[in-house]
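Next, two complexes with chain A in common: one pairs it with chain B, the other with chain C.
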Partner chain A sequence: MTRSSKIFKFVLKRLLQGIPIILAIVIINFFLLNLADGDAVDVLAGEAGSATPEYMAELRAKFGLDQPLPVQLMVYLKNVVMLDLGYSFRHDMPVSELIVDRFWPTALLMVSTIILAVGFGILLGLLAAMRLNTWKDAVITVFALITYATPLFWVGLMMIVVFSLNLGWFPTSGMENVAAFYEGWDRVKDIAVHLVLPTITLSLFYLALYTRMMRASMLEQYGQDYVITARAKGLTERRITFVHVLRNALLPVVTMAGVQVGALIGGSVIVESVFAWPGLGMLAFESLFARDLNLLLGIFLLSSALVIVVNLIVDIIYSLLDPRIEVS
Partner chain B sequence: MKQKLLDIADLYIELPKGADRQYAIQKVNLELKQGETLCVVGESGSGKSLTARAIMGLLPQPHVRVSNGEIIFNSEDITKVSYERLRELRGSEISMIFQEPMTALNPVMSIGSQIDEIFRYHVDMSKADRQKRAVELLDDVNLPNPEQIMRAYPHELSGGQRQRAMIAMALALKPQILIADEPTTALDVTTQAQILKLIKDMQKVYNTGVLFITHDFGVVADIADRVMVMQHGIVVESGPVKQVLNNPKHPYTKALISAVPSLSPRKAKTISKEKVLEVQNVCKTFGGGRGLFGFGRPSRQVEALKDVTLDLYNGETLGVVGESGSGKSTLARCIIRLMDTDSGAITIEGTQINMLKRKAMRAWRNKIQMVFQDPFASLNPRIKVGDIIAQGPITQGINREEAIKRARELISIVGLDDKSFDRYPHEFSGGQRQRIGIARSLALKPEILIADEPVSALDVSIQSQILDLLDDIREQMKLSMIFITHDLRVAAQVCDRMAVMQYGEVVEIGKTKDIFAKPQHPYTIDLLSAVPGKDWKSSASKKLTKTKTKSKS
Partner chain C sequence: MRDFWNRYKRNRSAVFGLVVIFLVILMAATADLLYAFDPFRLAGKPLSSPGTNGFLLGSDSLGRDVAAGIVHGAKTSLLIGLVATLVAVFIGILFGALAGYYGGQIDNILMRVTEVFQTIPSFIFAILLVAILKPSIYSVVIAISVVSWPGVARLVRGEFLSLKNREFVQACHTLGMSDLRIMLREILPNCLSPIIVIGSLMIATAILIESGLSFLGLGDPNIMSWGFQIGAGRTMLRSAWWVCTFPGVAILITVLAINLVGEGLNDALNPRLRERN
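Here is the complex of A and B:
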């Protein structure tokens, strides 16, 4: 069997295995969310201020909230299987439309964060390990330690204070300047400028983590026997570092990064709220307070599917990096 | 007159402050000529590996460094040349092979690209030429399907194949000196014989000077022209191989050589007819499971034990001999119920124990105990020695005071200081730890002791002490023993009967004396003929029975 057909089979198998996992997640989330007091009708009535009990009962009947929980779950599951995520009464829009709309900003934020955190983490870790016990190593290690220990929301607020308010380099919030009606490259540039602060805020912690991991991993690999072999073969130190050691040292970092993509979605809730970034995280935050359960469930469903897909991608990358791991 | 390649004069290597001695090696003088094989022999910690590293300029600097002396290679002092010159010499003029072919190769690069690097960094050749030359090299070292091996990764090859690939790499540029640091220690005995022959053949073709580091006098007898014996970083004796092996001068050399077990089996004693353990038609297969939800084909199956039948008689030592993967350790694990058998029967005292439930098995656990191979990994580092030994009896319901009293007794029986009781395992040497392991296994007063390669991780002088100890204990405590080993020399000295295993099957079983005198199965014949140094029979070589009478007096 060729490698590509092996990978195809592997992907298919993993996707099939993902289905029961997603179903389990949906069911658990459903009950967890229903444990919270109050529902969407309470919130709507509270906002309107003058709702009668009869009107509220009518609304509940309309939303299907008067049914017993197991029935509600069955109805929801049936709809999910048919790819219908329900209707957000709060936003007066189908859930699927809403989350697809908000998915792209989050995806953009996450991809740029991963690239920044993993890329620079690897680079800094590599540099620190190559210049072990010099001032460069010391600076990188101290930088990693400080960012590692700083809370996310505080970094976000400080970034806004320093770079937006005092220096005026970057906008304080939002994803683009809607009022300017940019098109083409101007719009891309506008979004890029808006992207800088949220990305840095979200990635700093992970950047620190990967820097530390990469440094430790490089040092561990330098001590392996094959490095002595490579030296005995008369290779240059450059070749040993960048070809022999680097590839082996990357393995644990890639694993870790794969596991943390899920956590990244969680982290994006805070960052999106701080920077008013119109993504899934902010949407989840809003809908939680509105008790918009359909929407929340939809967001959770999408996130869990995302995590499964990302893990799959990481496994494939891993099998390409390490020939000892076979996709099967 | 053969040209002198290497001349080491008055070499000192200094260790960092706080090490257990100031110099790793002291006052070492060494010469190597074209086409000559010089064996450096010594136990662990003798400085033999560091000597080799120094020649390659591969000392773990800056902590460990040459503090005095010179290493002259073709009128150039290697300790003084620039880094760039050193790099040029490595791999092209002087190359090296290592003990562990698994860890010495980069796991994520193909064999082909690892060979290719040597050419890329030393000579100017086109890619196609380099490729062609690499395939030729792999063919030269007798690897089947060189083109396929080029694309293979280290984990896809067997230990012997990996070592062949390492040799191909080391000889790629026809170096003048090959340094081999215990290149066959991690290999099976038949593979070892092939690799030694390969090195010899290659040496003839290229007229290479070989510096061969080993702890095994059998290997020395087979390949060396000259021998150098090291102890604690000092060369205690050197000379032509015949002289050193047959007529050693220094007491340390004498002790080392006399510790090498002889290949002629010891006198067999009469074996009782009473069976203490019966193993009948035992099978065990690994793998074959399906993935989650039963998707996909079943995974690769390995038949670790195929229809194994053997008996253990009261008071005897039964050797189980075989190479890695022959199923000998699986057999031990099945007997002691660390693993479940697939089918067959293991019977003690009329009870079939391999099908007993966990709870019912507990009452039988104390009857069979095991001594493990690796004395470093098999003792819990956070538990004191006394507790390690007393734990077993306490779990079996013996009261604490009595168990501790027994533990103290056992510590003195296995020849350790009474103070050992309150110490942690890391405070002991390998041989001492193996004594602790033996004491632990004896604490439950077993009737059957299974020793799984108990001496293969130990230096030869320690090895003979542990073998003596096991023998004494077996007699004192009236134990029956299953002794698993890959080393036929050890088997000859320890076992009354032996079973030879290959691919999960017992291919031959009988009295040790008979098997050594007249092996029946072709595999047994292969094994016996592959033992290194089989033609070398020193008068000093050890017979266990002789020294035992001495130790008792």
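Here is the complex of A and C:
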């Protein structure tokens, strides 16, 4: 069997493994929805101002809310499969449409954070490992300890105080200057300027973590037998580092990055609400205040699915980096 | 015990962390003496900067004393961190012990459940739980423990797996001890050290989650907490930086100290694991 078809089978298998997890999360979702005070009809009646008990019963029958729980669960499952996540009465829009609208800003924030954290983390870790130096080492360790203990929202607020309010380098909030009606490259530049502070805030901790991991992992690989073999063959140190050691040292960092996607999504709720970044996190924050549970549950479901998908992607990258790892 | 303290002492930063935690606990315990009034009370002129109008760390937009809030908030953070961790460790031990000890189908099912809870993005799940259960100190504790237990379950399962076939456990079987007794009295005491280490680090995480929840307005509305102070002060960031800054420093120092102690405990309790980091 060729390698590509092997990878294809592996992806398919992993997708199938993800299904029970998604199913379990949907069921948790359903029970949480039922645990909450009041149902959609109560919300509707509340919105309308007045509703007779007869009318409410009629509405319940219409939405299937008078059915026994297992039946309701099946209906809910069917709806989720059809990508129907319910209706947000607050926004007067289907939840799925709202979520798709707000997905891209979050994706932009996450991707830039991952690039910054993983990219720079690998680079700094590489430098730290190549030039073994105790004080640099100590700086990285202390930096990691401090970022690990700092609440994200506080970092964001302090960034705003220093870089927006005092220095005036970056805007305090939002994704773009809507009033300026920028187009083309001007708009891209505008968004990029708005992106700087949220990205740095969200990535600081991971940057420290990956730098530390990358350094440890490089040092571990340098001690392996294959490095001695490579030296004996007469390869240059440069080639040993960049072709042989680097590739192996990347593995743990990539795994870790995959594990932390869930935490990153949680972090984006905080960062987005600090910087008023109009993504899913901000939407979740708004739906909290509006008590818009359908919407909150939809965001929750999507972010769980995202974690599963990213883990799959990480597994694929992993198998490409290290052919020894069996994909089948 | 002496031996343990000698090993712990070798890690200077861990001793420092212990001193800091001791001070924070002292601050929390004497909160009602230091600031013998409700921290929500209007205590003076709003938006006084630190050191003016009798405010050590300034006051917020409603004239609440920031320092009083920090002192009273210490109680909340420590209490929630500790209780939520205890509950999470309890659930984790329950799942991990049953899965590791019995193995087979029970292990399979319990680990599948753990996997689901590990996949769910924990902070969003915590938000959701508090939002649905209504914000209160109980729902915050429940939410934090529900999202924190899977790590403990995996750890305990691993320990039980490796211990259950040891000779001393087989000897217990031969003596006719019940499974429950073997699990609780024989195996569990042997895996306490890693549980203590992971538990101490979880307190730090729990305090961070609690501060995040109360920052978003999901804390108990009747209890002062650091996250709430920062959340309430964020709109005043331009004119009153101190309202947000000092409670954040309090969180940073406390969590840092707990992490240092956790690392120190790790070094002292598991000398063989020292090389890991």
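What to note about this one:
We adopt the following convention: the second predicted complex is superposed on the first by the 264 of 328 C-alpha atoms of A that agree within 3 Å, B and C clash if a C-alpha of one lies under 4 Å from a C-alpha of the other, contacts with A are read in each partner's own complex, and residues count from 1 in each chain.
Here is the rule we use: a contact is a pair of C-beta atoms (placed from the backbone, for glycine too) under 8 Å apart; a residue touches a chain by one contact, two chains touch by 3 or more.
For clarity, every value in this text was computed on a predicted model and none was experimentally measured.
When the two complexes are overlaid on their common chain A, residue A:21 makes contact with chain C while staying clear of chain B. Of the two partner chains placed around the shared chain by superposition, chain B is the only one that A:239 touches, whereas chain C remains out of contact. Once the two complexes are laid over each other on the shared chain, residue contacts for A:72 go to neither chain B nor chain C.
By the touch criterion defined above, A:300 reaches chain C but does not reach chain B.
Contact with chain C, but none with chain B, is seen for A:269 once the two complexes are overlaid on the shared chain.
When both complexes are overlaid on chain A, the residue A:247 reaches chain B alone and has no touch with chain C. By the touch criterion defined above, A:151 reaches chain C but does not reach chain B. For chain A, the partner touching the most residues, choosing from chain B and chain C, is C. In the superposition on chain A, A:96 makes contact with neither chain B nor chain C. Contacts of A:13 after superposition on the shared chain: chain B is touched, whereas chain C is not.
Common to the chain B-facing and chain C-facing surfaces of chain A is no residue whatsoever.
Within the complex formed with chain A, the residues of chain C that make contact are 112-113, 115-116, 119-125, 127-129, 131-134, 204, 208, 211-212, 215-218, 227, 230-231, 234, 237-238, 241, 244-245, 248, 251-252, 255-256, 259-260, 277. Those residues of chain A whose C-beta lies close enough to touch chain B in the complex are 13, 16-17, 224-226, 228-236, 239, 243-244, 247-248, 321-324, 328. Interface residues of chain A, counted against chain C in their complex, comprise 20-21, 24-25, 28, 32, 35-37, 145-146, 148-154, 157-158, 160-161, 165, 216, 261-263, 265-267, 269-270, 273-274, 284-285, 288-289, 291, 293, 296-297, 299-300, 303-304, 307-308, 311.
The touching residues of chain B, counted against chain A in their complex, run 56, 58, 87-92, 95-96, 98, 100, 103-110, 117-118, 121-122, 153, 155, 166, 169, 291-293, 295-296, 299.
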